[in-house]
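Labels A, B and C are assigned to the chains in the order they are written; within every chain, residues are numbered from 1.
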Amino acid sequence: MILSATAGHPGFLSPTGVEIAFLLVGLATFGAAVVTVTTKQLVHAALWLVVALGGIAVEYLLLTAEFIAWVQVLIYVGSVVVLLLFGLMLTRAPIGRSPDADSGNRWMALGASVPAAGALVWVVVDAFRTTWIDLDGPAQGSTKASGEFLFRNWVLPFEALSVLLLAALVGAIVLSRKDRQDRKDRKDRKDRPDRSDGRTAGQVRPDTRARRTGPDRTERPAADREDNS
Amino acid sequence: MPPIPGSGLAKGLAVTLRTMTKRTVTAQYPDVQPELPPRTRGVIGLFEENCTVCMLCARECPDWCIYIDSHKETTPPAAPGGRERSRNVLDRFAIDFALCMYCGICIEVCPFDALFWSPEFEYAETDIHELTHERDKLREWMWTVPEPPALDPGAEEPKEIAAARKTADKLQAQEEREAQEAREARDAQGPAEDRSDRAAGQEGQE
Amino acid sequence: MNDVLDVALRLVIVFAVFMVVPLVVGQAEHKVMAHMQGRLGPMYAGGFHGWAQLVADGVKFAQKEDVVPADADRRIFQLAPAVALLPYLLVILAIPIGPSEGAVGQVIDAGIFFVLAVMGVGVLGSLMAGWASANKFSLLGGLRTAAQLLAYELPMLLAAASVAMAAGTVSLPGILNAFEWWWLPWQIVGALVFFVAGLAELQRPPFDMPVADSEIIFGAYTEYTGLRFALFLLAEYAGIVVLCGLTTVLFLGGWHGPFGEDGLGWVWTLLKTGVLAFVVIWLRVTYPRLREDQLQKLAWTTLIPLALAQIALTGIVKVAIN
C-alpha cells in the first residue's frame, strides 16, 4: 500500500524532519528490543517489549499508516503483552533477577536469529529498494487505502491467514475438549462403587463433595465496594 | 409463568432510584440536635434529697460502677427519755460512666425515686477519669430530667394522685358530714338560710 | 505561529476538561450514591453541600507520604500510575463533542481503533502496579485485571465494529456525520454490550473483581499512597468519562438531538454523557460484585454472542439498504 513510488526524491544527504524522527525512533525501538532479549528480569523484558512494539507503532504513524499503527497498539500492546504478563504472573514473576531463566542456548539462538533477521532485512530491502513515500500528499496508509489494498490485491493471503487462524482456534478447542473428556473418564472410573475395597469409596467422597460445593453452585454476592464514598 | 429475564435487575434499579427520591435519614447531629424519645437513656441523674443510702443501686449494678460512701449520724430523741435515732448521711455518690452499660437496673430498684434517666448524652471527655460523675454533677443532671410522659387515656391513675385524692375525698366527706350536722341543727331556726348555704357548699365542691 | 497557538489552546482545553470533568463525575458519585442509600453524602467541604470534597481529598492526598515498599520494583512501581492515567488523556483528545471543526481535540482517521487501543494500554498500568508492589494481594489484583481485560476487550471491539460497519467509516466524527435516529434501535444490543464491556474494562462495580476490597484489599493499588494512589482514582473517573463519551458518540448520536443541533450540539453530547455517567453510578449502587467465574461467563457466553449477533444484524440491514 505504500508502494506508490514518486519520482525525484530529495536524496539521502538532505533529510527532512520526519526522516530524522523516523531514524531516532528506530534506534530507540532497536535499543528496547535488545534490552528485551538481554535483561535478566522477566517482567522487565515484557515491559521493554511494550516499548519496542510501541516504537514500531510510532514508525507506522510516521509513515502515515495510521490504521496499521493503532491496530499494532491494540493487538500487540493491548492484548499480546497483557497475555504475556498474565502468563508470567501466573507461573513465576519474581522481582529482581532470575539467572536460572537463562537456558544456555545462547549461541544456538544467535545462530537461528541472525540468519532469520538477515533474511527478513534482505527481503524488505530488496522488495522496496529505492521506493520513496510521498508524506506530504494524501495519507497513503489511511484506513480506506489499507482496506482497498487488502481486499483488492491481497484477498487470497488474507483469507488463507484467516483459515489458518480458524484452524488454530479449532485446534485449541479440540485440545481443551479432549482434556475434559479425559477427566470425565477418570471420574467415571472413580465413581463406580468398588464393593470389594472400602477404601476406594472413601477416597471418592471428598472429590464429589468438592464438586458439589464448587464455585458454580453457590451464589454468594459480595458486599458493595465502599472505598471512596 | 416464569419471570421475565432481567426483571430482577430492573427491580434492583427501581429500588435505588426510589430511595434517591425519598428523604434521607441522615441525622445532621452537631448542626441539628436529635429529637430523642422521652425515655432515652442518656445519663443518670441523682435526686439526692430522696436518697437514703440503702445501697440497693450499688448492689444491683452489674458493672459495679456506683460508688457510695456514707456515715451514720445520731439524732437526739424526739421526746425526752426516748431512744436516740440514727440516720444515714450521704458522703459520696458517684457513677463511673466509663463502666456503666446503661441497663437502668439502679433506677428500677431505687425504692425512693432518687435515680432518674436524663436524655442528655453529650458528656464525652478526653480523660477517662472525668467520666466518673460525682454527686454534685449527678445532682446537676436532675435539672435535665424531663417530665414523665403523660399517661395513656383511660390508664389507671398514678398511685400518689390516687392516694391524695383518697385523702381529699375523705376530708370532703367529713366536712360534708359536719355541714350536714350543722344544717340539721340550723333547720330548726329557719329554711331560707339553708338554701343559700347549700349553694355555697356546691360551689366549693366544684 | 497561528497553528502552534491553535494546537496549544486545544491541548490546554482538553487538559482542563480532563482535570475537571472526572472530578465532577466523582462528586456526582458521592452525592448520588449517598442519596440512593438514604444518606446525604459530604456536606461540609466548600460550604454548600460539600461541593469541594474532592478538592479537599486532593489536598489530603498531596500531603501524604509517598511510600514505596522495600521489596518493590521501585521504578515500575512509580511509573505505573502515569501509565494508567495518560491513555485516558489521549482518548479525550479524540472524542468529538460538536459538529464543527473546533469541537474535537484532534481528528484521527482511525478514531475507533485509536481510542480502543489506547484504552487497552491503560490497563497495563494496573498490571505493572500489581506486579511491582511485591504484595500477593496486588499480584492477585493484577492477574484479575489481566483476565478481565482479555475477556472484555473482544466484545467491546466487536460492538464498536458493528457501528463502524453501519457508518462505513472508523473515524469518530465520520460516524456521527452518518448517524440517523433509527440507528438507536438498530444498534441497541451493540450499545449495551459496549457499555457493559467498558464498565468491566474500567473495573467499575459490579465488575470490580480486581479491586474487590473484601477479598484482596484493593487489588493492584493496595500498596499505593498519596498522589500516586490519587492518580489511580483519577484514572478510574477519567475512564468513566471516556467510556460514557464514547458510548454517546458511537451509539447515541453524539451532538444529534431533536432540536438545536447546529449551535448547541455540544450540549447534547454533554447531556448524554452525563446521563450515562449517572447510569454508571446507579449500577454501582444497585448491584453486588460478580464473582470471578461469573464475570468470565458473562463475557464469553453472553456478551460475545450478542456482539456477533449485532454484527450479523448490522450486515443484513446494511446489505438490505444498499
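Basically, a residue touches a chain if its C-beta (ideal position, glycine included) is under 8 Å from a C-beta of that chain, and two chains touch if they have at least 3 such contacts.
Labels paired with UniProt names: B = NADH-quinone oxidoreductase subunit I; C = NADH-quinone oxidoreductase subunit H.
From a predicted model like this one, the values you see are computed outputs, not experimental measurements.
Peer 1: Point out which chain occupies the most central position, where each centre is the mean of Cα atoms.
Peer 2: Nearest to the common C-alpha centre lies chain C.
Peer 1: Count the C-beta pairs in contact for every pair of chains, then give the pair with the highest total.
Peer 2: A-C
Peer 1: Just the number, please: Cα centre separation of chain A and chain C in whole Å.
Peer 2: One centre to the other, that is 24 Å.
Peer 1: Could you grab the centroid distance between chain B and chain C? Build each centroid from C-alpha atoms only and quote it in angstrom.
Peer 2: Once rounded, the distance between the two centres reads 62 Å.
Peer 1: Based only on mean CA positions, could you tell me how far chain A sits from chain B in angstrom?
Peer 2: 81
Peer 1: If I count partner chains per residue in chain C, which residues reach a count of at least 2?
Peer 2: In chain C, 34, 285 touch at least two other chains.
Peer 1: Using the touch rule from the top, collect the residues of chain B that touch chain C in their complex.
Peer 2: Against chain C, chain B makes touches at 9, 12-13, 15-17, 19-20, 22, 24-26, 28.
Peer 1: Could you please specify the touching residues of chain C with respect to chain B in the complex?
Peer 2: Within the complex, chain C touches chain B at residues 32, 34-40, 43, 282-283, 285-287.
Peer 1: Taking the touch rule as given, give the residues of chain A at its contact with chain C in the complex, in rising order.
Peer 2: 43-44, 47, 50, 66-67, 70-71, 73-74, 77-79, 81-83, 85-86, 89-90, 93, 95-96, 139, 142-143, 215-216, 220-229
Peer 1: For chain C, which residues count as touching chain A in their complex?
Peer 2: Within the complex, chain C touches chain A at residues 26, 29-30, 33-34, 41, 71-73, 76, 108-110, 113-114, 116-118, 120-121, 123-124, 127-128, 130-132, 134, 139, 142-143, 146-147, 149-150, 153, 157, 169-171, 205, 208, 211-215, 218, 233, 284-285, 288-289, 291, 293.
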